[in-house]
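Two complexes come next, and they have one chain in common, chain A, joined by chain B in the first and chain C in the second.
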Partner chain A sequence: MEKKNEARLELASLSLPAMIYTIAMIGFPFIYTIWMSFHATTAAQQLVFNGLGNYSHLVSDGEFWHGLVVTFYLYFLSLALQLFFGTYLALLLFRSKRLPGIVRSLFISPFLIPGVVTGMMWLVILDPSLGAANYVLTSLGLPASDWLASPTWVVPTIAIIDTWQWAPYVALIVLGGLQSLPPSVYEAAEIDGASRRKVLFRITLPLLLPTIMTATILRSVDLLRFFDLIYITTQGGPANASDTLNIYGFRVGFEFFQFGYASALMVTLSVIVLGAVLILNQLRNAVAW
Partner chain B sequence: MRARSFSVPWFTVLNVIQLTIAGIVVITPTLWMVLSSFKPSFEVTAYPPTLIFSPTLENYASLSQTTPFLHYAFNSVLVTVSSTLIGILLGAPAAFVVSWTRITWPAIVSLVARMAPGTLFLLPWYVMFRHFDMIGSYWSLILTHAVITLPIVLWVMLPFFDGIPRSVIEAAQIDGCGPIKIFRRIAVPLVSTGIAVASILAFVFSWNYFLFALVLSNAQTKTLVAASFNFIGEGATNWGGLMAAATLIALPPLILAVVVQRWLVSGLTLGAVKG
Partner chain C sequence: MLDHKWNSKFVTAVFAGAFGILATGLSAQRSMADDFNWKAHSGETVSFLASTNPWTSAVMKYKGDFEKLTGITLRVDTYSEEQMRQRLVTVMNARSNEVDLFMTQVSREGMQFAAAGWYRDLMPLAKKETAPGYELDDLSPALVKAATFDGALVGIPLNIAGPVIYYRTDIFEKCQVSPPGTIDDIAKVAAKIKKCDPSVTAFASRGLKPALPYTFSVLLHNMGGSYMKDGKSNLCSPEGKKALRTYAGLLKDYGPPGVVNYNFYQLTSLYRAGRSAMSFESSNELSSIMENEQRLGDTGVMPLPKGPGGSHPITIGWSLAISKFSSNPDAAWYFVQWATSPKMQAKLALAGIAPPRKSASSDQAYKTWLDKQPVRKQWQQAIDFLAANGNSDVAYPIAQNPVSRQIIGQAVDSILLGTASVDEACKTADEKADALIAQQ
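Right, the complex of A and B next:
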């Protein structure tokens, strides 16, 4: 008995530093943000209790609803592109059995590049007057675009850049799923003389759904909180065309220093992310086999 | 049978073609960044853009003259290495305890930390660090970046500790070793690969992280990633310099990631996917 208590004490002391750190840097701040979200920020940077004032302000704040629309527009567009190209790339990689290591390195390179570097690189490529992208388009006889400088095209452009960066990541996850599919199913399909198209749409993709859902959840968490790339390239502009909830909340906090309202925005965004994850997780369980 | 033996190479060729196109799409933007960084200043903004040019190192040489690039690089290394070290020192024992006792709170907390937007934590941290007059200090950056590294270390290390055969630990227990002794003498040496992988992944993500340093650093403590606005400001007239800075900032994560390729996916997904 003595021995067991001693062991328990030692285990506790091993995890104690991590626990103290987690309480101080994650647990307490998390609760503090929720507390701040019920407070208004005065001109002198004091917090005064405001009840649900921030949340009722949020409901009537046009910028918030605009941010919500931009967030989901960017989310659905990016997610659709990344899942399509990611799965497509995974199927290509899976069919070519022997891949030199260098090819794999090549395909993981985009998502290891820091988001801000991605922004810098694409700012130069997509420059409306001197960029390489418009040169390629116009030499092919296609119209040039203002890309990130166009209020209409800024969200699709960010979605394209993010797809370049993260579709290979989706591909690696889906490739893992492909490699663990039972070969017996394919043998059965071959015996039945199923066509390649039929095997893909009736067998491979349905069996891959759980893996694709995992990729969806992981990308959703990042896409709903999209920050680095937008902040470095447009800071929510032009005008407020790419002002997602996360960017808006950051600006309310650290440009206008309205910490109370910014907290309410961040709590709301966290609830949206959590809700999305819970719903998607239910969906993943529904398609699991 | 004939049709089949004919169709196999045909699909293979088509596959290789598609894969090549995909590879070109993936590599071209990065390649363009690197190429532009070697272009002479009069050529980097040439229109139409040039592919053939006489490469120069002037952009790299001028970086340290036009911006405190080396100082920012030093800040990045300091913050990244320190936060990785904290991540390992706190995360490795915690992962060992989780593996031993199967308690779940660290997993849940690190998932919350992973899902919440960074600004959610940044707001209270700002108030906290302002209270202690620590805004702009290296410590504020190191402590906040450890929030990135700790969950990565925890999740990457967990399967390594789980992989230690139960019999090894039981034998040590019979010999009278307590958990601390088992951790230090037996577990740590057995999971040295895991510690290396976790360190590298934590380093990469801490290095790449933008938001915390954007707010909490000042002109003296700015990391490379947070300083990118300065480079973009400079780059309005000097694309070569901008692309040289971008290339250098991206280099450490790219090199390190090649080393830990095998563990990359499971590390990136916090264990949601086995790589």
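Right, the complex of A and C next:
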């Protein structure tokens, strides 16, 4: 009994620093944000309690709904592209085991580049007047595009840039999953004479589903909170075509100084992210084997 | 809600009175204080929150001189403009004394920060301890007025800037066109250039939503328009509509592809690369445009030409302010008066920082620097015009000025992108702005 208590004490003392850190760095700011979301910010930057005022304003705020639509549009488009190309890249890397290490590293390097650098780099490449992208297109006799300056194409363009950066990350996760698949299943398929296509769609991909779901959860958290790339490249423009909830909340807080309303926006976004993670986690458990 | 015109008159009167008292006080002090003690705060430390810009880079070269002269340690935190503002807001909301002095754009955030009580009134500090020769009345009156709220002087101007047109003299000559004499001429000149040399962008200006009110405001004022009239938004006035139509039309018909995302960075890159014939951009951009001296011999500079409402350029600048929560305001004032002294501003002018002081712009070394290149002389002439005739009314004169900039930007961009007519865009803008004004 005494030994058990000693072990508990030891466990508690070892985990205490981590708990304090979590409460101080995550718990406190989040609770403070929730508290602020029930306050209005006056011109003199005083917080005045206004109950659910910010949340009722949010329901009638057209820019909030617009931000929500853009957030989900960008989320689904980017996620679909990243899962497709990430899985494809993983299969390619898995089968090309003889590829030199440096080439494999190059394939997965984009996600190591900071988002700000990625944004600046693509901003230059996609500049409609001076950028390399339009130069290449027009040299090939194809029409030039406005890319990030087109209200129609801005979200797909951002999704493509993000896919360029993060599909290799998905590939890395899927590659790990591929390497852990049981060889016995493939041996059985070979004995049965299954074609490569059948092996891919009937064995590999279904067995990879839990891994793909893990990648989906990890990317969902980032994609729903999409910020840096948009802030660097378009700041939510042209007009408000790429104004996600996170960008809108940032502007309300740090440009308009309405911290109460910005907190309500961020709490709402956090609930959305949390809800998505919970649903996806349930789905992951459902496909686990 | 105070009537805007009455409010302006009142502020002007208070400003003039306070300015007079201060000037008298300073002259009296000057005669007594020949032996000004620069070492009065030796051993103290002041923290300065700065924005990354040409003024900061230029003044920091002399940081050692300040510390040697005063014995004060200057701790500098430099961030990009947006990040600096975020940090400042966080520090100020916490009522922290972490920042003693900071850079501020009073035309943008002045009303808001003043309402929040974040600025310290510099008048009492200036009266108390100011070195001889510090001529406050030598600073641009327009900028000092813009930095005065309810009689309190909240910042000392560091530079003077405003939108000007940079134009290519060689292209104008080739296409046999003269610089535009009126706003209506801009489209005519641009059309001729477009026809004569389709490879260049005839006219470029800001299209990025939050950034474009800086340039659009000059056009609106020159058209005879105003943002507010009788306490209401006034963008749907005939002058306002004409300004919206003209600005969006110029960018649509003669601007570069993707102009809707253009800020100073893209405009400067385009002009420097020789790809635009006219670029309506901040006077601050001269040094960036002249990098590598590619455009030194073929560039002219002029203010935006007059319109039906006359000529009312925008004149803004960065100012140096002391935090209300500073625990060391006296030592902070020593840095302010050193950095904005006539001697220092004359030195900074040689680095291309347009001086907000009359004396600095007539300094001999600066004159020699200007005389070396015709474009520099034209640039200084344009700035002199801005200083003499300018106002700082970028967007709505309300505490929520940054929000109002988004509203104006959205109106222009929706016309530019063809998602709204001029009538629809101005109506939406007026509705949103009126709601904002009502919140005041």
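Keep this in mind: the second predicted complex is superposed on the first by the 264 of 289 C-alpha atoms of A that agree within 3 Å, B and C clash if a C-alpha of one lies under 4 Å from a C-alpha of the other, contacts with A are read in each partner's own complex, and residues count from 1 in each chain.
Keep this in mind: a contact is a pair of C-beta atoms (placed from the backbone, for glycine too) under 8 Å apart; a residue touches a chain by one contact, two chains touch by 3 or more.
As the structure is a computational prediction, the values presented were derived from the model and not from experiment.
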| item | value |
| --- | --- |
| Joint occupancy of chain A by chain B and chain C, clash or fit | clash |
| Partner chain in contact with A:D61 - chain B first, chain C second, else both or neither | neither |
| Contacts of A:V117 with chain B and chain C, given as first, second, both or neither | first |
| Touching partner for A:L106 - first (chain B), second (chain C), both, neither | first |
| Touched partner set for A:F254, first chain B, second chain C, both or neither | both |
| Touching partner for A:I173 - first (chain B), second (chain C), both, neither | first |
| Partner chain in contact with A:P238 - chain B first, chain C second, else both or neither | second |
| Partner chain(s) touched by A:L130 [first = chain B, second = chain C, both, neither] | both |
| Touched chain A residues, chain B compared with chain C | B |
| 8-16, 80-88, 242-250 or 404-412: stretch of chain C that collides with chain B | 80-88 |
| On chain A, the residue positions that both chain B and chain C contact, one per complex | 129-130, 254, 259 |
| Interface residues, chain A side, partner chain C - complex | 43-45, 127-130, 134, 144, 146-151, 234-240, 251, 254-257, 259 |
| Residue ranges of chain B in contact with chain A within the complex | 11-12, 15-16, 18-19, 22-23, 25-27, 29-30, 32-33, 36, 45, 47-49, 86, 89-91, 93-94, 96-98, 100-101, 106, 109, 112-128, 143-144, 146-147, 150, 154, 178-180, 183, 204, 207-208, 210-211, 214-215, 225, 228-229, 231-232, 235, 239, 242-243, 245-246, 249-250, 253-254, 257-258, 261, 264-265, 268-269, 272-275 |
| Footprint of chain A on chain C - complex, ascending | 82, 85-86, 89, 92-93, 112, 115-118, 201, 207-210, 256-261, 266, 269-270, 273, 275, 399-400, 402-403, 406, 410, 413-414, 417, 419, 440 |
| In the complex, chain A residues that touch chain B | 6-7, 10-11, 13-15, 17-19, 21-22, 25-30, 32-33, 36, 89, 92-93, 95-96, 101, 103-117, 119-125, 129-130, 132, 135, 139, 164, 168-169, 172-173, 176, 196, 211, 214, 217-218, 221, 225, 227-228, 231-232, 246, 249-250, 253-254, 259, 262-263, 266-267, 269-270, 273-274, 277 |
